[in-house]
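A, B and C are the chain letters, set down in written order, and residue numbers restart from 1 in every chain.
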C-alpha cells in the first residue's frame, strides 16, 4: 500500500506554495502519493474548509493522511496538531478545521505537534505548511507513529458552526454552502427535523426527506442528509440552488407541520 | 506498466469532487496513476469536452483509461458507457461526449455499463462520477475486462457537431473553439477543402494548407488539420485568434478559388 | 528513487496542454512522478516564471527535473536548452527563464538541445512543450545523460531583472511581486542594504532585517531575504502587502540611515 496524502489549502494555484509542500514531502518519502482535494478554500474559510474535508475524507482508503492548511491566523500562536482515528490521520492548525471530524468520529486522539526534529528549520511563521505540516505528514508515511510527534491534548479548538435558533414555533437556520451541482447545504442536522416537517427558503417549501437521490421525483426538491452530516436541499435532475435562488448565508426556516386529524 | 487513468470533467477545482473521485479509485487500486486533462470544461459543454478529449487521448500510452464526466443532464436517464478500442478505454455518460472517438477510431466497441456489483451503493443521481464511473475505471485497472461491465450496444448517442452549410458557391462554417495558443478550430473537415481554396473570416483570407507548423511562413496565417481532425487556422509565431479577432461561434466562409487559365 | 519531474507553465488549466505533456512523458516512462508547480504564470511572464522557479526548486529532492514552458516567443527561433547542476536539471526555452539559476548555482552547464531523435516529429512550432521539452525530460529519467542531448553553450540568454537605480543619496527599486501570503518581493539584493538602512514604500519605513520570520515582532513589518534571493518586506502575522498597500511595480526607496553620534 503506497502512502497517500491529500492536500487541502487556501493557497490557490498561482503561487508555487502547493508545489513546494509537495517537494518537501517527496524529499522525505519519494514514494508518497499526493492528491489535491482543493486549494481554493476561500480565504479565512475555516468553516468552509471543515465542510470540504468532512465531505471528502471517508472516500479515501484506510491509512490516508489528510493535510489541511487553511489558516487565517497564520503566524500567530496556533498549535500544529495531528488527529488520529483508527482509519486515518489529519494534520493541520488547531483552529477548528477538524471540528466535523471531532463530531463524527467515534474514536480519535488529538496531539499537539512539538517534535521539532521533524520540522524544517528555521520554521517560517507564514509558511508552516512547508516547514511543519508537510514534513510531519511525510515522516508519518515513513512509519513514525503519531505518539512520536507530541502529547495528547484535550483543549483543542472547535470552530463555531452557526446553529439554528428557535423563533416562533420553529427554527431559523441558514445556508452553509452551495456546490457546483446546486446542492444547498443547510446548518440543520437530521435530528432537528420533526416529522412531518417543512423547510422554507425564499417562500418555497420542501417537505420530504429521502435517503438517496434516486428516491427523488423529477422536478421535486427534496431534503437529504449530505456526506458532511447536514440536511441538504437537492433536486434529482437539476440545480436546487438555481431553482431556489439559494446562496450562502440565506435564511432557512424549519417548521413542524400539523398533521390534519384523520 | 502502472495503470493510468485520465480525468476530464466540468467540476471545476473549488469543490472537492475531483479529489473524491480520486479517493474512490485509490481505495480500489492504490497503485493507479491519475492525470488531470482538465476540469474546466464549460458547463453544458459536451461538444467542448469531446474536442478536448479528441485532441488529447492519442498522446497517452497504450492501455490508458480516459474517464470523462461532462454531463449537463446529470441525474437523468443517461446510460453509463464504456468504449474500448485496441489501444485504450473511455468511460463516461452516453451523451455524445465520445462522438469524435467514434468518428476516428477504426475499431471500437461501446458497452452499456450495468454491472452494479462494481458501483458504490446507493448510487447518487447527481454524482455518478463518484459512484459509477470512478469505481468502474478503477476495477478495469485491476484486470476486469470490458465485457464484465455490460453488453455491447449499437444505439449510443452522438453529439451534433454543427456542420458547414452550403451557401452560394461555397460553405459557411463556424469557429468551434479557440485555444490558449490562439489556434482557431473550425468545423470544416479536411475533405471539405477544394483545391485551391479560400477560407474567409472577418474579411481576411487564408489560402494555404500546410502539413506541419514549420511550413508556415513568419506573419502568415495558414490552415492545418488539428489533432481533433478539424481544419484550424494558425500562425507560426503568434496568435492567429488575436490577429483574426476570431472567437467561438464566429462564421467562417469556405470558397473554391478559380484557377486562372494558364 | 522514482524519477520526478516538476512542471511550470503559462498554459492555464482550461486547455488540455498540461495533460498532453504528461501523457507524452508517461508514454516514455510510465514510472515518472509529475508535480505541478504552477500553470498560472502570467502570459509573457519570463521574469515571474524565473522568480517562481527560484523560490521553489531547492525544496525538491536531488535528481529532480524541472520542466519550464513559459515562452512568449513560442514558435520563434529560441533554442531549447537543458541546464544541469550537481543536484538537478532544468529544461526549457533559452529566453532567460533560468536567469536566477545561473546567478545562484555555483556550478552548472547549459546545453543546446539538438538531439532530434528524442523529439516528437514533426515538431510543432507552437507546442514545443509537447514535442521537445516533455520527451527530453522523460528520456532523461530513463538514464540518458545530459551530454546526450546537445553541446555546452556559453551564450545563453539572461532576462533583465530591473535593477535599483541610484538617486539622490540612495537607490530606487521596485516591487517584483506580491504573493498570496502578502510577502512583498523587491528587486533589492541583500548586498544592497547599508547598515543601518531604511526601506520606504508609500511613506512607510522598514528598518530592520531579520534572518527568520520568528524574529519579527507582532505588528512589525520587517525585511528578510526571501528564497529567491531578493529582499522581501513581510509581517509576522499578517499581510505586509495589505498593510503597505504594495503591488507589483510600486517604487521602493532604499536609504542609508545616519547613526546619531553617541
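As a convention for this text, a contact is a pair of C-beta atoms (placed from the backbone, for glycine too) under 8 Å apart; a residue touches a chain by one contact, two chains touch by 3 or more.
Just so it is clear, the model here is predicted, and its values are computed rather than measured.
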- Message: Between 0 and 180 degrees and rounded to the nearest 5, what angle rotates subunit A's CA atoms onto those of subunit B?
- Response: 120
- Have a look at where subunit B meets subunit C and say same if over half of the interface residue numbers show up on both copies, different if under half do. different
- Query: Which whole number of Å gives the spacing of the CA centres of subunit B and subunit C?
  - Reply: 34
- Query: For subunit B, which residues are shared contacts with two or more other chains?
  - Reply: 13
- Quick one: which bits of subunit C touch subunit A in the complex? Just the residue numbers, please. 1-2, 4, 6, 8, 13, 33, 35-40, 52, 55-56, 59-61, 64, 179-181, 183, 211-214, 216, 234-238
- subunit C contacts subunit B in the complex at 11-20, 22-24, 26-27, 30-31, 34, 73-76, 122-127, 130
